[in-house]
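The two complexes that follow have chain A in common; it is paired with chain B in the first and with chain C in the second.
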Partner chain A sequence: MDENLQHRLRARTVKYLQLFALFIAMAIICIPGLWVVLNSFRPTVEIMAKPPVWIPQNLSLDHYRAMFGGVGEGGVPVMRYFTNSLIISVTSTIIAILVGMAGGYAFARYRFRGKAAIFIGLMLTRAVPGVSLSLPLFIVMAKTGLIDTHIGLILVYVALNVPFTIWLIDGFFRQIPAELAEAAEIDGCTRWQAFWKVEFPVARAGVASAGIFAFLTSWNEYALASQLTRSTFSKTMPVGLRDFTSEFTINWGGMCALAVLMIIPALILTFLVQKHLIAGLTFGGVKG
Partner chain B sequence: MAQVNLRNVVKRFGPLQVVHGVDLDINDNEFVVLVGPSGCGKSTTLRMIAGLEAISEGEIAIGDRVVNDLPPRHRNISMVFQNYALYPHMSVRENLGFSLEIAKKPKAEIDKAVDEAAEILSLTDYMDRKPGALSGGQRQRVAMGRAIVRHPDVFLFDEPLSNLDAKLRTQMRTEIKKLHQKVNSTIVYVTHDQVEAMTLADRIVIMRDGYIEQVGTPLEVFEAPANTFVATFIGSPPMNLLTGRVAADMISLEGGLKVAVPDQYRANVSEGQDVVLGFRADNLMPVGHAMPMEGAFAELEMTVNLSEPLGTETLLFTSIADKEIQAKMLNPRPVASGEKLSFQLDLTRCHLFDAETQNSLRSN
Partner chain C sequence: MTRFRLPAWFALLLPAIIVLAAVVLIPLVLSLYSSFTSYRLTRPETLYNWIGTFNYEKAAKSAHFWSAFGRTVLLLTIALNLEMLLGLGLALLVNQVTYGQRALRTIMMFPMMFSPLLVGFQFKFIFNDNVGLVNNALQSIGFSNVAIPWLVDGQLAFFSILVAEMWSSTSVFAILILAGLFAVPRDPIEAAKVDGCTPWQSFRHITLPYIMPFIYIALAIRSLDVARAYDIVQIMTNGGPARRTELLWTLIGRTGYVDAKMGYANAMGYISIFLAIGFTIFFFRKLNAARAELGMGG
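Right, the complex of A and B next:
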């Protein structure tokens, strides 16, 4: 057979195999999500059916209607949970980014005593599983009266996110040549101006991606929030999901409906900044 | 317009001292080149003048002001970096105008200054591009443009041409020289390329290991190197060096050769002194292929190991006492390896150094 043809066929086969592998991987990732969305639109009977019904027979907004309905008719304080989630996630993300930027910049640019040790220490905190902190955190929060408050959860999420944002942002600043800020200083900037007018805009994509990660972590966190919140005053959406369980039954449809509401803002946010996110994670084109 | 004065400037990084008490006076409008091998402290010295690096001891003055503790922005200097350090998120126009923008100059004035600089550096066609979309040579121009728009007292260049290919480097070298004539200001230029140093400088400062070895015009450092380091660092190919001992107005060199002590050094050597004889390839030529030698010369018989034809002349590699010696052949003819030739060494153009201090024995 013609040698070129052989290579062309091989290249094509490899390409189809890759596409197939990609399909499988995406299916594994996406199907649970699709199942959640699907279940939020169909009656409980169909959700519980065995064998499972893949093609929905009748779709309705009943679960959503019930969820937004009054308490006692299957309703939950969705808006309250949503607001709590938003306040806690946004605030903790902003604080984590500010601290992460200061810390990341310091690690990238300055030499100081104990730098390596502090950095390793920060990274080690990532090795501690969050749940194992729940009891100590509960005790501390109870003693300081921060149980069931926004501030309590915000503090916890800031602590959870700061090491990661520092690590990520340090990496971005490290890739920006130090001469850029020096050139700005020579051009008449103060240290502060050099940062905001040159280094920050160049690292913006990186900071944005760090922000997304921090936001999603706070938005989705369940284990700690379920311990540290008590009432509608501070319960976040993931914790709110538990409202659908009662002693003997679980309202799967309602739970899925709330989950969909949870996913939507995260999706929108990710779409809005995905360009930055990708640019931030691959981060080229700073040189020169 | 300003002169720059360094008084006993010392730089330490922690316990490590990298610049050891540098004294240097740079005149107004002078083009001074700092040259030296890698790691000798050129960039550090330049960065101390810029204010990017604090000085550990001593005093730096620009114009009539001591600037020791002034931040870069108060020194009225411009700097061109080796990697250009263009702001990647700004267009060429914004890059050029940035310093004036920061100084809150009126828009019209900024535009005028930017257009003027763009004109001088032929950047007018790229004004709206980002640095990422420019070639190396164009980036280099933008970096220079950014430096000239603010009409600084002093320009600082840190190896601005080392990222360019050979041809562009020669071209930009000429442009920098022209630029100096046009903008008329003091320039301190760092390079490790001695050709760049020779062609650009009004005065060359040769550094080694944080010390200044010699300061002088290109011709001075070429013709009267203060020590063996300068002698081998400046000029290409590097100066040939042979050790020997003075005995009865003759120098017996390694390898058993004997040459007369050059006249100009006779008063400065003593009997039995260990010396180093230095001579350039241009002063060692085969008989019949040499410049006419007016003064005293010595004749040596040597075997050619290798020849490198350069066109108008041929570089000959020979050896004395296992030391490689380079000679030049004018009006060249093909030379085979292993061929024995008789060479003439022009003694009037030889250099003599003390073997112990390595310093020149020339009378000042």
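Right, the complex of A and C next:
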């Protein structure tokens, strides 16, 4: 009886300790982000107050109003950058997915010499750090006149994302038994039809997750964008965020509003395909 | 049938190869060439001024370069290991929860949506010695009444960068390891329990081998974009104060664009590329070994 009680007590303590640890971990994950969101609604004076104001006194949409009104806060045309970012990210994601599907299909379905070497070679292009790439890329782009254009950045982001999309999509196609497509071909489909009508619908989750990663990478990329864009014509949101702070170092509130605007599309998209994201990473990666 | 056709696999891979050749390979060849010249951005004609391995010798003799190199390796090693351990811990904790696990998983993904640039600003703000969240909190609790110079002192700045980097990337590990935990079969664990294994033994000898491939995947994915740390460091300290948090990437970026010494920067860039490739190949090897152990090789 006594032993039972002791055992139960210990089990309960462990459980509460676990919950407590979990709570702390979640708080650490959430607070930095939520703090930015909260500050975007507070006047800069209050954020910078000394001694600190812990409980927000007056929340307002002033920063957002300033951001969307007129030319935008701090002379940064936020909507222009937002549109640029959207065009560049979406286009490059779609192209990267198409190229990645072709490549992934080749790796999953065909046998050829030097397959492993080509695969590793493609992956290694992703390992090249952005900074070491941005220097020579800058020279090449300047020579070909692609600096400060949407096309230039789209091309770069496609290349940046293709290795990873190939890796994920390859893993997904491998999961689909080859007999499935063969059966369709026997029934009179061409290989092309078999792909779109049989294999693609099965691998859709993998394609979706690869798409999310490609989008997040292009949406958030800064090192290359900062070198390859020059004017409002092609500058993206991360570059805008950087410009904003170098001109107005003090305006934390406005910066936070800009940051929130930058997170929203990523947030919406990630939550929409959350389930595929985990499946994509694990099946695509591990079983590939 | 007599007509020559490209093999199908090659035709399918061609778009990927063309894009990667145009954006990665050609610039890399160019940078390899320019690393043997005294190329300066401000004077284009210096691109043809061949100086042999001078830049490499200069880098090899430069104390700044080697301290940045060492610091980069140190940061990567500490960050990747801690992220892996914390991610494992977090995944195990979340895996224990039965009610509301979906919501927890969603919260866990929160940092993945933040641009590294944003993470940099966020933590620069949080660690600000005057109005930052950390100092304000410490002072309000009464733990300290001086402003701790988080981003000014060399070692504290390194620590702050490490915290920012870990905040942004631990969740990648946690999510992958959690997915691995879902895939662990129940039967062997129950059998082990019946046979009298302690929880630690069944974790060490059953669960861990099963999730090892997932851990290596996470390491491989992370090592593929180690340079993410560049954005964070560039915003938080830009290598300062007085080069005390200088990493290879900030050093290269500054040499190339601010000092305009492209040739020298490219030489250092080449060395850092090999560092990144080394890390990646190492983890891919481990991944394949772990896969083979589970009979998923190929």
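Basically, the second predicted complex is superposed on the first by the 239 of 288 C-alpha atoms of A that agree within 3 Å, B and C clash if a C-alpha of one lies under 4 Å from a C-alpha of the other, contacts with A are read in each partner's own complex, and residues count from 1 in each chain.
What we mean here is this: a residue touches a chain if its C-beta (ideal position, glycine included) is under 8 Å from a C-beta of that chain, and two chains touch if they have at least 3 such contacts.
Predicted, not measured: the structure shown is a model, and the values here were computed from it.
When both complexes are superposed on chain A, chain B and chain C end up sitting side by side without clashing.
By the touch criterion stated above, A:Phe271 is placed in contact with chain C alone, chain B being left untouched.
Touch criterion met: A:Ile186 reaches chain B, while chain C stays clear of it.
When the two complexes are overlaid on their common chain A, residue A:Gln18 makes contact with chain C while staying clear of chain B.
When the shared chain is aligned, chain B comes close enough to touch A:Val198, but chain C does not. Looking at the shared chain after the overlay, A:Pro177 reaches chain B, while chain C stays out of its contact range.
Of the two partner chains placed by superposition, only chain C is touched by A:Leu135; chain B is not. When the two complexes are laid over each other on chain A, the CA centres of chain B and chain C sit 90 degrees apart as seen from the CA centre of chain A, to the nearest 10. When the two complexes are superposed, the chain touching more residues of chain A, out of chain B and chain C, is C. Closest C-alpha contact of chain B with chain C, superposed model: 10 Å. Note: residues 285-287 of chain A belong to the chain B contact set and to the chain C contact set alike, using the contact criterion stated above.
The touching residues of chain A, when paired with chain B in their complex, are 177, 179-180, 182-191, 193, 197-198, 201-202, 285-288. Within the complex, the chain B residues that touch chain A are 50-52, 71-73, 77-79, 81, 83-89, 98-99, 102-103, 131-132, 134, 139, 146, 150.
On the side of chain C, the complex with chain A involves touching residues 7-10, 12-13, 15-17, 19-20, 22-28, 30-31, 34, 89-90, 93-94, 96-97, 104-118, 121-123, 125-126, 130-131, 133, 136, 139-140, 167, 171, 175-176, 178-180, 183, 213-214, 217, 220-221, 223-227, 230-231, 234-235, 248-249, 252-253, 256-257, 262, 265-266, 269-270, 272-273, 276-277, 279-281, 284, 291, 296. Considering their complex, residues 18, 21-22, 25-26, 28-30, 32-33, 35-36, 47-52, 54, 98-100, 102-103, 105-106, 110, 112, 118, 120, 122-137, 139-140, 155-156, 158-160, 162-164, 166, 216, 219-223, 227, 238, 241-242, 245, 252, 255, 259, 262-263, 266-267, 270-271, 274, 277-279, 281-282, 285-287 of chain A touch chain C.
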